[in-house]
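Next up: the structures, one after another.
What follows is a pair of complexes built around chain A, which joins chain B in one and chain C in the other.
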Partner chain A sequence: MSAFALRNISKSYGTNSILNDVSIEAEDGEFIALVGPSGCGKSTLLRIAAGLDHGDAGSIWMGDREITAEHPADRNVAMVFQSYALYPHLTAEQNIAVPLAMRTLSTLQRMPLLGRFIAGRSAAQAAIKQQVLATATSLKIDHLLDRKPGQMSGGQRQRVALARALVRQPGVFLMDEPLSNLDANLRVHTRAEIVDLHRRTGVPTIYVTHDQSEALSMADRVAVMMGGKVLQFASPAEIYDDPRHVEVAKFVGSPRINIIDAVTADNGTVFFSGKAVVDGITGPVGTPVQLAIRPERIRLRPQGTKGIAATVTRLEFLGSEVLVTTQADGAGDGIVIKAAPADVTHLGMGSPITLEIDRDACLVFGQDGLRVPLRATARVAVDA
Partner chain B sequence: MKNTALFSMRNLRLGVLSAGALVFLAPYIWMISTAAKSREEIFSSSLTLLPQHWALWENLAKALTRVPMGQLLWNGLVVCGLIFFFQVVIAIPCAYAMAKLKFRAARTMMTLVMLGLLIPIHATALPIYVALNKAGMLNSYFALSAPFFISVFGIFLFLQFFRAMPDDLISAARLDGMSELAIVNRVIVPNAWPAVTAFAIFSVVAHWNDLFWPLIVITGSERATPPLGLLFFRAAEAGDDYGALMAATLIITLPLVAAFLLAQRRFIEGITLTGLKG
Partner chain C sequence: MHETAIPNLLPAARTTARQAAIRAAKREERVAWQLAAPAILLIIVLILLPTLAVFVFSLTNYELGYDDFQFIGLDNYIELFADRTFLISLKNTAVYTAIVTPFSVFIGLGVALLIESETRGRAFFRTVYFLPVASLLVAMATVFQYLLHPTIGPVNAMLSMLGIAGPNWLGSSSTVLISLAIIGIWQSVGFNMVLFLAGLTAIPRELYAAAEVDGAKGSWERFRLVTWPMLGPTTLFVATISVINAVKVFETVKTLTEGGPNKASEVLLWTIYQEGFVYLRVGYASAMTVIFLAFLIVLMLVQYRVLDRRVHYT
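Now for the complex of A and B:
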């Protein structure tokens, strides 16, 4: 039984299908990232999970309790919004206290003047204050409690928003691109803090982002969404090394994976630039396929060694590594290789070079975008 | 070099604006001047801005004693207060629903609001008058204020303002456990003060100065609003005593002027804010 599950969710506006039979589940204490380009339906899915939007089909489960039809407030979910959505007219303390006040105080007790005379209000309020302070202290924002959102920096507002979500001890945390309004430096720092916070609280978390590096670095499992479908839902390592769909391979990883259009030949062999690089592809001869190779899986060799001949067209120095763009026959836009700076000191624009590609570095995708399984054949004719 | 730029763009702009301001202020200044003049001086052939004999106090005394000025101001206050209160209470939830909730009649309602903006009070005055007459409610605060309780202009103004409010804020409030009514009371209204202030100016100024509607539904002076009181004053008492008439006008315009001067900054903030977002 998973702690939180979205099962077979579909949603469309008119004839425009936003979500198509999407299922995601989070185990207890698990951090799930939903990643995809904008417009892939990931935010809509999150809003459906929160109860702010409703799917046309499918169900939502919190443990063994179905919450599909429940009001957002009754689901005990907490959401952190991209814009933080703090109440501008309330101080940080009042902002954090809102969910508790709405839950524990009655309507009468919340009345501005009359409430003072209703029994039990001051005790309840003291308890709320205590909880707010504890949460604020754990997020190191206790010194900001009497400031209004307008007087805080982006990072501080972000923490207040986290505190407001955390204070109600939710059954699941939903985060909608909470870091995208922060500057790059703070983003990496806050990333680690959110993961820490998640480890401490153990609340299952669904985290929506369009940044694949954020998803890979933070999550236990990543769901890659595209066009309203989950293309792959697996651990970050599996998503990166063993993508099930060419779009997943293209979306994940920076610099982008090299894609080469090719055609299968005899014996299921794929040729690239006149050299056979992969064999053992099932299916008829002459099938068009896409060959995908990660930039760090290609090795640079001196000209004349065995492999694929290419020419350097661009060098980008990034400090710890260098991106080498090369042009080879039949490689379309060029092949990008990630190399160590020491290995490319002798290279310049136009340098001739040889690319060495391992068979197991190659991912082969069919016309439908799905991975083509490779037969574990003897390596007959691989000469690259 | 700095001082030689007498005909700079800045000075030119200032000049044009000052001339404009003078044109708009002239009647008011002339009114004050007349209020301070004696009757003989008003009808003398020479035109002077400053009176030769100050008669301001006599005129003010006449204005205050010959009409129930206190009653007039009180009526104005009650009517404007009633109208403004109900307009806001009706327009804010309505505008919130139209701006942020999804429901089937939203489009139709928007069309109706636009239509409502196009229809002047003069077109509906007669049927409303007949209805009030049949109900025996003429000559009452209700007759003065009720036709204005639903302000399509107010709905429109708040609608534009609320549309600019982030949806996430309302989503967050729903997740925090607020009902729609609580969202309006605790999230929308506290953040809509600029719009409410802007609307207050339009509403109060329009209804404080309104002569058309009170003239239709009010016949006696005990429910007369300030402009209508002035009209009675002119017709019955003053005749050609323009000094006293202008003094009375000065008194009834004073509350608005004072209110504006006191809250000037907030008023301008309110108008520019809604102007930018609208």
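Now for the complex of A and C:
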């Protein structure tokens, strides 16, 4: 049984379907990333998980307790928002204390003036203060406790928001693009900090992002969502190397995976630029397929060697690597290759070149976007 | 010779640059004054000079129609604070303001919250509540005169159905101020509601979501944690406007009660109007106007100096 599970969630506004039978579960201590382009339903799913929104169908489970109908306050979930959503009139300390005060103090004890005279308030408040301080210290924001959100930088506000979520041990941590308001440098830094924090607390986390590199680098498992559906829910390596859907392949990885339109020939061979690139395709002959190859899985060879002839159309120097855009017959928009700088010093615009492609680097997708499995007995590709 | 010439050139060049900078700054200042001149002129002619004129008149015994007047120093002010009518008028204005301001602010807030939380008919209710603001109070006063009429008025008719003998709303000195205050509240609730609605839409939705996740279950708790503090600047502004409008009450008094009965609805503007336009004692009315202005300025200062710091959080 998983620590937190969303089962068969569907949601639509009128005829507009936002979520379509989505299931995600997090094991104890697991970090799950929900990634997808904007409008794919990932934020709605997170709001449903928090109880801020309700699905039309499906159930939500915290361990063996169903919480589908529970109020957000009763679910014991903690959430970090994109805008941080700190209360601007409260200091950092008071902000962090809110979830504790709401739970441990009664309504009477929280009354502005009267509360002072209700029994047990000062003891409860001292306990809260201590917990707040401990959390703040662990996030290294104890020196900011007296400041109001308006007097803090984006990164500091972000930490206060994290502290507010962390201060009571929640059953699950929900994060809605918490890094997207930070500048690029701070984002990479905070990324590592959130992962550390997660490892220390062991609270299962669902992290929503539209940044595929964030999802791959942080999560134990990634759910790629598109059009209200989970296309694939697997480990980052599996998502990258073994995408089940052409949209997953296209969404994950930078630079983008090369997609080449091709047709299967007899005995399931795929031809590209007049060369048989891969065979062993199952399914009928003559169907159009999409051939997807990661930029780092194509090697550049001198002109005239065995492979696919192409011409260099652009070179982009990125420091540790060079992106070489080439044009080959029948390759549409061109093929991008990631190469080491030392290997391309002799190349210029218009240089003729040969592309060498391994068979196992080729991912073949059918017209419905799903992966076409290869027969295990298939022969290695690229005849000359 | 050549080598010595170069170091000599440097200070000269620096001076030229500095002079150019000074000239540019002067030019900019001149343009700034030119651009601001129309506004400055209008402020002087339309606001500062009339105010100064009122202040000067308040030190004279000028009466409209007489050619001649003398400066009598602070005599007008001394007379004012011995004038029973003026003191009653001050007290009545204060009572009226003390009733109208809190009720119109909090009812306006309540109506705004109700309209905001309801998706259906929002535009309808907004329009209905705003109608009194757009309507002409002098015209509406006749309606209120009928409604509150002791014998034929529907208000007392309804009260008598419940077995309560309704008071002579506008005709009795014990209820007249409350009756006027009710009309004042009726008129200003809609305006305050519109301001609060604008303030409510500016509150980020994520704060409410955060409050719910943080454990604010009930709407009262969310109001305490998010709505009320976030509306701070709006509330301050609404309260300020409400006080100013309440202090300026005149139309209902003029049309319905003429300060009566027995000076029970004598308010500041009515007294000023009587002295200035009925008895034509411009000097004396000016002294009252100065007091009235001072009253408003002090209120503004208190509100903005003391409260402003507590409602803006950045």
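One rule holds in what follows: the second predicted complex is superposed on the first by the 379 of 384 C-alpha atoms of A that agree within 3 Å, B and C clash if a C-alpha of one lies under 4 Å from a C-alpha of the other, contacts with A are read in each partner's own complex, and residues count from 1 in each chain.
Keep in mind that, in the parts below, a residue touches a chain if its C-beta (ideal position, glycine included) is under 8 Å from a C-beta of that chain, and two chains touch if they have at least 3 such contacts.
Because the structure is a prediction, the values reported are computed rather than measured.
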Clash or fit (per the criteria above) of chain B with chain C on chain A: clash
Larger contact residue set on chain A - chain B or chain C: C
First (chain B), second (chain C), both or neither touched by A:52: both
First, second, both or neither for A:78, with chain B first and chain C second: both
Which superposed partner A:15 touches (first chain B, second chain C, both, neither): neither
Partner chain(s) touched by A:150 [first = chain B, second = chain C, both, neither]: second
First (chain B), second (chain C), both or neither touched by A:103: both
Touched partner set for A:88, first chain B, second chain C, both or neither: both
Partner chain in contact with A:320 - chain B first, chain C second, else both or neither: neither
Common interface residues of chain A - those touching chain B in one complex and chain C in the other: 47, 50-52, 72-73, 77-79, 81-83, 85-89, 98-99, 102-103, 164
Chain A to chain B touching residues, read off their complex: 47, 50-52, 72-73, 77-79, 81-89, 98-99, 102-103, 164
Contacting residues of chain C [partner chain A, same complex]: 204, 206-207, 209-217, 221, 224-226, 229-230, 232, 313-314
Contact footprint of chain C on chain A as seen in their complex: 47, 50-52, 71-74, 77-79, 81-83, 85-90, 98-99, 102-103, 107, 110, 148-151, 164
Touch list for chain B against partner chain A, complex: 166, 168-169, 171-178, 182, 186-187, 190-191
